[in-house]
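Look for chain A in each of the two complexes below; its partner is chain B in the first and chain C in the second.
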Partner chain A sequence: MKKIINAVENVEEEMILGLVKSAPDKLRKLECGNVVVRARKKEGKVALISGGGSGHEPAHGGYVGEGMLDGAVAGAVFTSPTPDQIYEAIKAVATDKGVLCIVKNYTGDIMNFEMAIDMAKDEDINADYVVVNDDVAVKDSLYTTGRRGVAGTVLVHKIAGALAETGASLEEVKAVAEKVIANVRTMGMAITACTMPAAGKPGFELADDEMEIGIGIHGEPGTSRETLKPANEIADELLSRIVEDIDYTGKEVAVIINGMGGTPLMELYIVNNYVSDFLAEKGIKIYDTMVGNYMTSIEMAGFSITLLRLDDELKKLYDAKADTPALKK
Partner chain B sequence: MAKGFNAVVTKLDAMAGKDIGSLLKTTGMTLVSTVGGSAGPLYGTAFMKAGAVLKDKMEIGSQELVQALEAAIGGIKMRGKATTGEKTMLDAICPAYDAMKAAVDAGEDMKQAVARAVEAARAGVEYTKTIKATKGRASYIGDRSIGHQDPGATSALYMLEVLLEQI
Partner chain C sequence: MKKIINAVENVEEEMILGLVKSAPDKLRKLECGNVVVRARKKEGKVALISGGGSGHEPAHGGYVGEGMLDGAVAGAVFTSPTPDQIYEAIKAVATDKGVLCIVKNYTGDIMNFEMAIDMAKDEDINADYVVVNDDVAVKDSLYTTGRRGVAGTVLVHKIAGALAETGASLEEVKAVAEKVIANVRTMGMAITACTMPAAGKPGFELADDEMEIGIGIHGEPGTSRETLKPANEIADELLSRIVEDIDYTGKEVAVIINGMGGTPLMELYIVNNYVSDFLAEKGIKIYDTMVGNYMTSIEMAGFSITLLRLDDELKKLYDAKADTPALKK
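What follows is the complex of A and B.
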């Protein structure tokens, strides 16, 4: 394993400290653990929290700031944070309007957030949560844990965060978060695995001419292994799965071409070149495109495509001001 | 899991002289607050539920051990919304419980009963290699999970092995 770190056991904390030091007037770290909150606590508005394992930077700490999250909880790499850490985050940001937790659909994340929310409710904090499950690679059936939450989560942070800033109620913020979840779909692929610092070796091996389709963001293999194809064909395969899942025809969409951490921007733009043409041909209007590393899997080389179906309400919130280390509007 | 149990070990001195229920409850709470992921809440809940059954006990017999394990399984099923055959820790723990209960009912002593539980858990771990995951992160890869041993079942086996060594 070759990584630019100091010690495996300090990766998460040093990462959070470094993030906070990159925006010391806007962010602060809680003493109790790897929790990032806004330096100036929001009052009289619904507070938003997200979190999960580390390794997905800039998610989620990079999305803490005006117009997006109030707090983010970082667990160990690819491991959900513990209930007491989440509870401390909830307590630190809670206002009389309540707290909404944005949870990606993983067994561990859901259990730990549920336990933390129960603890918060015992303290009379009005806390609730939504579960993001935008990954179309996984079938949502009785035989799986359901779809994973991946890059679409960033758009939930953006839009729910924008509504929260207006002073909307917890019910309203939750409703708009669920509206985004209902309208956002993602699918990803990878050409290399990633190496968890504690594991010291890649999660799987791929030959030079192989790729994994339907990849998640935790170093696990995808849903199928295929022979590597040109970028346009890969993008076509991912897009086809997404537009099969919900009908985007005639709609406006926000697009994320998301790098998995080890993908050159050059390749992401090559992908976007095709995505843009594909959508135009299908009669899907692009409202805005984000190209970059938004929800990563350490140093994995690969990408995901996210499409969010927009209406007037969502467009307005999408465009609203955001000032966070990883996303500014 | 290593981090969690190391944290438990640091609390043992302070727990000296406490009843078995309190020991298990503290173990559970420590696991919940240090492990994270799925294993933290699942094993944490299991130890806390077992602790509730053994509240105030300074020593226990085979029947009580069976009851504690039954409560632990109930906690895991409740928290994880899981059952056997889904390639999880339950595929080691549930057969271990069945084997332990049968041995105790047949009048075997605690050491023999736990030995049977370990044997059944080991077979359960082997069984997880043959089935497809339908719970947890391994479920995302569907049929490709077949052939791999479940880490949750494996950690459950390790715990039972330690219990056997200590009786």
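What follows is the complex of A and C.
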């Protein structure tokens, strides 16, 4: 294993500290664990929390800040945060407007967020959650019932975060988060696996001419192993699966060309060149495109494509100000 | 070679097209070659151009936009753009305020930018250039006389771009660019080499326990090969070289923890955790920190640290609005 780290057991904490020290006027870390919250708590708004295992940086700590999250909980790499840790995060950010947790669809994450929410309710904190399940690659997997939550989660942070910032109610913020979830789809692939620090070796092996289609973000193999094809053919395969799942024709979409952590921007731009043409040809109008590392799988080389179907409400919230380390609008 | 591309010979053009299509309201590509300019030319300001070989994405096309560059010229991967190509870029962006080219210190780049500037002067375009040489790792190299230009170039774009946007004169914009150059230093390292698409194999080989210190951004080996150490020791080594070169004590600095393209953000945050503590201990005040992929070497895994010594003038320009695909302020 070749990594720029200190000790395997300190990866999560040092990473969170390094993130917070990159924006100490905006972020702080809770003493009790790897939880990032806004440096100045904002009252009078629904507090948004996200989280999950580490290894998806900048998700989720990088999205804490004005217009997006109020807190992010980082478990060990690819491991759900504990209920106690999530509960501490909820307590730290809770306002009288309530708390909404944005949870990616993994069995462990949901179980632990649910337990933490129950603990918070016992303390009279009005907490609720939504489950993001944008990955069209799998219906069920080792880690999930139903589709997995992947890069589309960032758009839930963005849009629910924008509405929360206006002082909307918990019900309204939850409803818009669920509207994003209903309209966002993602599919990904990889040409290399990633190595969890604690494991010390890649999650799977790929030959020099192989790729994994339908990859997740936890180092697990995808849904099919194929011979590596030209970028345009790969993008076509992923896009075809996405537009099969939702009819985007005639609609406006936000697009994410998401790098998995080890993918050069050169390749992501090449992919976007095709994605852009594909969408135009299908009569799908691109409202905005984000190209970069938004929801990663440590140093995995690969990408995912996310499409969010927009209407006027979602466009307005998508465009609203965000000021976080990983996303500015 | 395992890459998400179509054909080796189309990498540069498809990449530039993909970048432009990610922000078609803000960027356009010149018909004549791989040159990115603002979609709407802005008159009444000095036009800023940067460029060089491709492979450093998002540099430089990703920095075209309000508050930064007016144009970026992309040569083949790790190859200087041709004088003709640079000349077309200069013609496309030139205003009556003149044109300033921001050139990284590589012999080929300087020669070709100088030739293009001479061609532009023959057409009565008032063009000039500055040379960025922030890399403290080498005094001279295969490609340079003096230090190389690396990630500090992004801060020259940012600060000279902010001043140009105010309508300052060519002399003033050149002077502030040179002030940044005088105050910015960088040093980098890598744990893997990168592969130029046309070469098909890595520029050098590293054993599983080796790293290159003093790496450049063109796939060339660094200045010394060492056994891989913990992140903090590596960061200490790079920082020590930087603060030897300029006395930053008691000053405020802007910091870039720059990923080389294949480095996960997890590792960059871990590095920043140490950098931040190191600077505090030396009595160097951190004004702002950027963590991410700003000046890359395709998919190389590694990082560089950049420090820019700031004064009130530079801080104001650093903070000024920027709206580009790769950097927003």
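Some observations on this one:
Going forward, the second predicted complex is superposed on the first by the 324 of 329 C-alpha atoms of A that agree within 3 Å, B and C clash if a C-alpha of one lies under 4 Å from a C-alpha of the other, contacts with A are read in each partner's own complex, and residues count from 1 in each chain.
Heads up, the rule we're going with is that a residue touches a chain if its C-beta (ideal position, glycine included) is under 8 Å from a C-beta of that chain, and two chains touch if they have at least 3 such contacts.
Everything numeric in this text was worked out from a predicted model, so none of it was measured.
Legend: residue contacts after superposition of the two complexes on their common chain; A:270 is shown touching chain C, with no touch to chain B. Of the two partner chains placed by superposition, A:113 touches none, neither chain B nor chain C. Looking at the shared chain after the overlay, A:83 reaches chain B, while chain C stays out of its contact range.
Shared contact residues of chain A, touching chain B in one structure and chain C in the other, are absent.
By the touch rule above, chain A contacts chain B in their complex via residues 53, 75-76, 79-84, 106-108, 111-112, 115, 137-138, 142-145, 148, 216, 218, 220-223. Partner chain A is touched in their complex by these residues of chain C: 2-7, 11, 14-19, 21-23, 54-55, 57-58, 62, 191-192, 208-209, 228, 230-232, 234, 257, 261-274, 276-277, 286, 289-293, 296, 298-299, 301-303, 325, 328-329.
Residues of chain B that touch chain A in their complex: 32-42, 79-80, 132, 134-142, 144.
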